[in-house]
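Letters A, B, C, D, E and F mark the chains as written, and numbering starts fresh at 1 in each.
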Amino acid sequence: MEQLSPCQKADVLIESLPYIKKFYNETVVIKYGGNAMINEELKQTVIQDIILMRFVGMKPVIVHGGGPEITDMMRKLGKEPQFIDGLRVTDQETLEITEMVLLGKINRQIISLINNNGVKAVGISGKDGNMIKAKLKNPKLGFVGEVEEIDIDLIHTITDKGYIPVISPIGCGSNGETYNINADEVAGKVAAALGAKKLVLITDVKGVMKDQSDTSSIISHIKTHEIRQYIQEQIIGGGMIPKVHCCFHAVTNGVERAHIIDGTKLHSILLEIFTNKGIGTMITN
Amino acid sequence: MEQLSPCQKADVLIESLPYIKKFYNETVVIKYGGNAMINEELKQTVIQDIILMRFVGMKPVIVHGGGPEITDMMRKLGKEPQFIDGLRVTDQETLEITEMVLLGKINRQIISLINNNGVKAVGISGKDGNMIKAKLKNPKLGFVGEVEEIDIDLIHTITDKGYIPVISPIGCGSNGETYNINADEVAGKVAAALGAKKLVLITDVKGVMKDQSDTSSIISHIKTHEIRQYIQEQIIGGGMIPKVHCCFHAVTNGVERAHIIDGTKLHSILLEIFTNKGIGTMITN
Amino acid sequence: MEQLSPCQKADVLIESLPYIKKFYNETVVIKYGGNAMINEELKQTVIQDIILMRFVGMKPVIVHGGGPEITDMMRKLGKEPQFIDGLRVTDQETLEITEMVLLGKINRQIISLINNNGVKAVGISGKDGNMIKAKLKNPKLGFVGEVEEIDIDLIHTITDKGYIPVISPIGCGSNGETYNINADEVAGKVAAALGAKKLVLITDVKGVMKDQSDTSSIISHIKTHEIRQYIQEQIIGGGMIPKVHCCFHAVTNGVERAHIIDGTKLHSILLEIFTNKGIGTMITN
Amino acid sequence: MEQLSPCQKADVLIESLPYIKKFYNETVVIKYGGNAMINEELKQTVIQDIILMRFVGMKPVIVHGGGPEITDMMRKLGKEPQFIDGLRVTDQETLEITEMVLLGKINRQIISLINNNGVKAVGISGKDGNMIKAKLKNPKLGFVGEVEEIDIDLIHTITDKGYIPVISPIGCGSNGETYNINADEVAGKVAAALGAKKLVLITDVKGVMKDQSDTSSIISHIKTHEIRQYIQEQIIGGGMIPKVHCCFHAVTNGVERAHIIDGTKLHSILLEIFTNKGIGTMITN
Amino acid sequence: MEQLSPCQKADVLIESLPYIKKFYNETVVIKYGGNAMINEELKQTVIQDIILMRFVGMKPVIVHGGGPEITDMMRKLGKEPQFIDGLRVTDQETLEITEMVLLGKINRQIISLINNNGVKAVGISGKDGNMIKAKLKNPKLGFVGEVEEIDIDLIHTITDKGYIPVISPIGCGSNGETYNINADEVAGKVAAALGAKKLVLITDVKGVMKDQSDTSSIISHIKTHEIRQYIQEQIIGGGMIPKVHCCFHAVTNGVERAHIIDGTKLHSILLEIFTNKGIGTMITN
Amino acid sequence: MEQLSPCQKADVLIESLPYIKKFYNETVVIKYGGNAMINEELKQTVIQDIILMRFVGMKPVIVHGGGPEITDMMRKLGKEPQFIDGLRVTDQETLEITEMVLLGKINRQIISLINNNGVKAVGISGKDGNMIKAKLKNPKLGFVGEVEEIDIDLIHTITDKGYIPVISPIGCGSNGETYNINADEVAGKVAAALGAKKLVLITDVKGVMKDQSDTSSIISHIKTHEIRQYIQEQIIGGGMIPKVHCCFHAVTNGVERAHIIDGTKLHSILLEIFTNKGIGTMITN
C-alpha cells in the first residue's frame, strides 16, 4: 500500500466515529467459518478486526464451524463421512470426533490467536454450563441437534469480565446426550438470545447473488418478507437457504441486522461495520 | 448393602457435621485420573462425591489427566507414542492430538457427568483466559511444559457463579505456543494458587507403601521433611516421585493437606473427607 | 449403635444428596416446643439437626414456644395461671412474665446451644425492628394477640449475614402495646411471609392419628380440602386444631409443605427432611 | 415554658448546626441507667434525645444496666441479693434471673419506647451472634464476667440497616457459659471497639465533684493523666471509680471523649451534645 | 436576642423532631431569587437554612435566578434590556450575557457560600450533561426557552455523592442552541422530575394576598382547583401568575406541597419547614 | 482529500489498534487553549478528536484557558488589563470578570460542542466541590493563585458516569476567597493528581524549537534532566518556560508523558496519540 499521510489517517479515524458510536456497548455475534479459518493471512485479519471491535466498545461473540476439519479427522481415523441434504450423518463415533475437533482443535486455534493479540478469550461449547439445550433434528441424521433454548448466563459471565467468548456448536439433550449442531443456527440463536445488534455470517461467497456466475449481481439488502420469493425464484438456494433462515430467525427475534459476507476479502468484518456501503448481503426485518 | 434404619442414617449425617464445618467454603482441588476415569461405576461415584462436596459448601476444582486415551488416539491415527522417563515426547502432531483428546473428549465427558447430576460445570484449559503460563521443560521432550504461573481470575469467575471448573492440563508459552503439562503438576500448582484447603490426587495405587506387594504396608502420613529419606530408601519411587513432588509444592505453598488416594475404591474422596481415618497417604508440611 | 463400615456411611451421605439439592437455598421454619425443649438429649439433637440443615445450604428459622416455663415462673412469683380454651389469660403482670421468660430465658438457651455448636444465632422477638404487628385476639384473654403482619426485613438482615434467627412469639400493637402470641401461629405466619419451602411443628404427639390410643393409626398426609372433614369426625381435635390451622395458613400462602412431627423421637427433623418416608403428618395444599 | 417566637426557634436550630456537623456519621455509645430508666418523664426525654441524634446523622448505640430491677425480681422470687465491693454475687439462679430481667424486661421497655417514637430498635445481648466474649472476673463473685473481646459485626449489621441497637450486658465464656457483666464496662468496651466519637454514661450524680455535698464543685474536665491523683485524693471514689475506669479505657482506645452526666436532668444528653458548655464531667486522653 | 436557657434550646430541638422525621431523605427544591440574593445577612441565613436541611437528612436542590444582575451587566456593556410581558427579549448577545452572569457569577457566589459553610456544592446549568431540553417559547422573545424535559441523572450523580446541586436556568435545544429559561419554571419542572416532597419559591412578597396593601390578608393555603377563580378575581395577578403556574405544575406532577414565601424574612425556609404554621402561601393539589 | 479505498481505511483502523490498546482505560488530560479555541474548523476537530478518544476507551479530561476573551470582556467593560511577567494583575473586579468569562462563556462553548457531538460533558471550576485548593501566588498580582491541592473526587464522580469533565482554572483559598489560576498549571496538577497517562498542552507554537524562526528545528523529545540546560541556553524561554514547568511537574509526579503541541494543525491530538512519530515536543522523566 502506498503510504498515507498522517492527515489522511486522522480523517479515516474521524470518519469511523459515527460507526463506533452506533455500536458502542452493543453485542455483535460473528459466525466464523469457511476459508477465512484456513488461510493464514485471513485468519489474522479476522482476529484483528474482532479485537478492534472489542477495543472500540463492542462486545463480540464468536461462534465457529469446522466441517472440513471434521471430515479430515474422520478420514484419518478411517471413517467415511456421509451427508443427507448437506447435513452430516452423525453416529456416536462421528459425534465424538466432531466434538473433539470443534472444541479441542478449532476453538483452541481461535482462542490462541485472540490471546496472542492481547485480549483474553474463553472457549466454550453448549455443554459448558449446560448452555445450549438441543433436541434431535431428524432420526436419520443421528446425533444432529437443533437448538431448543440458549442459557445466556455463562456468556454474560465471560463477557462481563472482559473475556471474548468463542463458542463451539455442540448442544445437550434433556437426557444428557450430546448433539452436533449447525454453527450458523447456533450463531443465529445466540444472537437472538443476547439481543445482539448485529449478526455476521462469514462465508466463502460474496452474499446472495441474482446470478451465481456474476459477482456484480449481489443483492445488498433483503427484507424478511422478500425471502420466500427469492427462494421460489431459486436466487436463494442450496447452502444459502439455511444461512438465510438463521438470519431470518435472528432479525425476527430482536437482532437489528444480519449480514452474509465474504470472508475471503481482507477485513470484511471491519468494512461491514465501519463503512456506509457495507459488503455482502444484509437482511433486516 | 443391608438396609440401615433411619436412625442409623441420621447418625451418619450428624457424624459428618464436623467435617462439613471444617471444609465449609474451602476449596478442594481434585486431580481426577487413572482407572477412576474408565470404570463406569467409579466414574459415577467420583462425580457424586464431588457434587456432594459442592452442596455441603465446599468449592471443588477438578483437574483431569488422560494419558491412556491420548495414546489410544495417537495409535488410531497411526502414530506410536514415545516416552522419556515416563513423560510423553510431544511433537507438534502429538501436541494437537493431546489437546484435542484432553479438552475435546475427556473434559467433555466429565462436564457431561456433572451436568447430568444437577450441577453446572464449565470446562477450560490453561489457554482459556491465558490461565496457565508455561515454559519448555526439556527440549528433548518437545512441547512438554512446566507451569510458570497460574492466573486464577477465570477460575474465580467460574466458581463465583456456582459452576464447577474442570481443567485440562494445557498451558501457553510467552510466545503463544501451546504446552502439554503433567496433570498432577497442574493440580498442585492450581491448589497452591487458589490457597486450597486440600489437594487430592486420585490414582490407581493405594498410596505410598513400604512394600509394594503388601497393601497393608501403606504409610498414612508423610511430613515434607521425611520425603527425601523415603526417596533415598526407594519407598517413594517411579511414578510416585512426581506425584509426591506436586504434593510437596502444594503443602509448602499454603495448601493444608495433600492426599494420594486409591481411585479404584468406591467413594474414596468422600471417605477421605468425611471420616477421621482417611485412606491413602497424606502429606503435610 | 453397632459400627457401620465407611462404605455404608458413604452410601448414606450419597443417599442424602437428592434431599440436599431439593432444599438448597430454601427456608425452613421450625416451631420448636414441647418436650424436645426440656429433655437434654433431645435438645442437643434438635440443635444438631438444625445446624446440619444450615451447613448443607438450607436457611433454618426457629420459632419457639415456652408455655410450661411461663407457668412455672408465674407460680414462683405467686400467680396462678388461668386458661380459656387452652389459651393463657394474660393480664399486664402475666404479659411481663411471659415476655421475660420467652426472650430472657428460653430464647437465650436456644441461642447458647446453637452458638456452642459453631454457628452464630441471634434471638429476636416480634418487637425487635417492629417485626410482628399484632392486634387483640379476644378481650377476655387480655394481652393475647393475633398476627396482623410480618415485616421480614429484620429476619433477612440476620440470615443474610449467616446468623440463625431464633424468634420469641411476642408482637406489638398499633399503639405500641405488647402481645403474647401463640408460637404455632407465629411460625405459620413467618413461614408464609418468608415463602418458606417447609414448616415443621415439633410437638409431643406423633401427628394426626385416627385413633389417639394407637400410634400406628397416624395419617401421614392430609390435603387442605380434607381438613374440615377430619375436624367434623373429631380425628383432628383439641390442641391439634390450632396447629392444623397454622399449617393450613402456611400451605395456602405459598409454603410447599407443613409437618406436624414428634419431637420426642431422636433426629425427627432430620428424618423428616432427609428420608423419603417422612414421619408424622404432612399437610399440603 | 413561656412561648418562644419562631425566630428564636430558628436561631436555636441554626446554633445547633456546628454540633450536628461535628457528630455527623459518628457513633455515640450511651450507657443508659439509673433513675433516668425509672422516672417516666425522664425515660421519654432520653429516648427523644437519642432519636433526635439518629435523625441528625449520628449513630447512637445504647447499652443499658438494670441493677435495681434485678434485685427486685430476685426478692420476688425469694432470693436475697449479696454484694462484694458493690458487685452482685451471681450464682446460677441469680444469673438466670439477671439475664431474664435484662433482656426480657428492661431491654424490651427501651426498644418499645424507641419503636413508639418512629425509629426501629433491635435488642441484643452479648450472646447474640456471640458478640461479647467474656471470662470469669473473680471466683468469689460467681458468674460475673469481664469483657475479653467485642465482635462488632452484629452491631454493624444492625446499624447499617438503620436500626438502633440496644445492648444488654451479658457475655459468653469460651465454654459457652453465660456471664453477667457491668454495663458501664460493656459500654466502654463497645465504644472502643466501634471507634465511637463519644461515650456518654448516664448516672444519678452530676459528675465528679470535689465536694460531694456541693454540686457546684463539679469538675467539668478530667484528663486521663489526672485520674490517679483524683483517686488518691478520694475525689473519685466509691461507685465512681469503675465508671471512670470505663471512660479511661474508652478514651485511651480511640474514643474522643467520655462523659459522666446526670440523667435526672431533662435532656441531659442533648445538652451535652448540642451546647458548648456541656454538663457533668468530661474525660479525654 | 435575649439569652435562652439550655432547657429552652433542648425543647426547640425536640419540637423540630417531627418535622425532621417528615422530610427525612426527601428532596426539597428551592428557587432562590430576589432580595434574598442581595442582602448580605439574608444570603447567609438562606444558606445556613439549606445546610441545616442537608444535615438533618433532607436533599436540598437549589435553582437560582438573577434578573437584576443580568440587567446590570447588560447596561455596563451598553445594551438596554427590553421586556415583553415581563419576559426579557433575548438576542444572541443578551443570551451570552445571561449565561455568563447566571453560571459565571451568581451560581459561583452561591456555591462559594455553601462551600464556606462546610458542605460541598456543585454548580451546573441545564447544558451540563444535557440536563434541560428546551424549545423556543415565543419567536418575539428570541432565545427564551421553555422546558421540554429534565434528565435527572446528573442531579442524582451529584446528590448521591453528598454535594448540593446549584442549578442555573439555562437549557439546550434539539439543535444544540442555548435557551434562557425562567428560573421559577425550571424549579417547578425539576421538582416534578425529582419527585420532590416540597418546592419552595423564595420571593420578595409575603405570598398571595387578598389585598396587596394589607400583608395580613395573605392566603395561607390554595388548592389547585381554586387557582382559576383567584386569577379571575385578580387576587393572583402580574408576576405572581407564572409563579403560581410553576407551583401548579409541580403539585399536579407528584410534588406534595409548593410554597411561595417571603425571602426578606430571616430564616424563612426554616420556619416554613420546621413549624406548624408555615409562612407565605402553600399550594397543594 | 482524494478518496481512499475501503481497504486503505481498514488498514488505518488496524494500524491504530496498538495505540488504542496502549491508552485503554487511561486518563489523558488536555489543556485546550490558544487559536485552537477560536478558529471554527480547529474547534470542531479538537472536539472530534476528544470524542474519538472517549469512544476508543480513553478518559479525556479537559482544562481550558481563555486569556484573550477575558481581556476582550475587560475592555468592553472599560477596564484596561495589566500584566506583570505575562501574568494578569487581578483585582476584585478583574477576578469577577475572569470567573464569569471562563466558566460562563468559554466553558459553556466547549460543553456545547461536546454535547452536540453525542457525548455528555459537565463543566466545572475548582470551586465546584471545593476541588482546587489554591493560595496567593504573589501579592502584586492580586487574586492570582497557585494550586495547593487537587481533590479528584468530583472528577471521578463525573467520569465514572461517562461524562467528560471540562475544567475552568479557578481555585478557592482556605478562607473561601477565589483565585484566578494559570490553565497550564491546573492541567499539570490535575494530570498528576489523576495519575494520567498523558498530558497534552495545545498551544499556538509547534513545540520547543532550537531556532524560533525555523520550524524544522523542533526538539521532539526532552528529558527532565535536560530542561535546566535548555533554559540556560534560552532555547526554552518566554511563555514556554511555565508550560515546560507544568510538564516537568506532571512527569515527575507519575504522568508518563507530557506533550506541547501545535493546536493550529488539524487533528493534532489524534496524530499525537495514534501515530508513532508524534508531533510537537514530548517531555518525559
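Please note the rule applied: a contact is a pair of C-beta atoms (placed from the backbone, for glycine too) under 8 Å apart; a residue touches a chain by one contact, two chains touch by 3 or more.
Here the structure is a predicted model, which means the values were calculated and not measured.
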item	value
For chain A and chain C, chains touching each	B
For chain A and chain D, chains touching each	none
Equivalent interface to A-F, taken from E-F, B-C or C-D so that over half of the residue contact pairs match	B-C
Separation of chain B from chain D, taking each centre as the mean of its C-alpha atoms, in whole Å	57
Whole-Å gap between the CA centroids of chain A and chain B	36
Sites on chain C at which at least two other chains make contact	none
Chain-level touch network, classified as line, ring, star, complete or other	ring
Residues of chain E defined as touching chain D within the complex	1, 4, 6-17, 20-21, 24, 45, 48-49, 51-52, 55-57, 118, 266-267, 270-271, 274-275, 277
For the chain E and chain F complex, residues of the former touching the latter	76-77, 96, 99-105, 108, 111-112, 115-116, 120-125, 127-130, 153-154, 157-158, 161, 163, 172, 176, 178
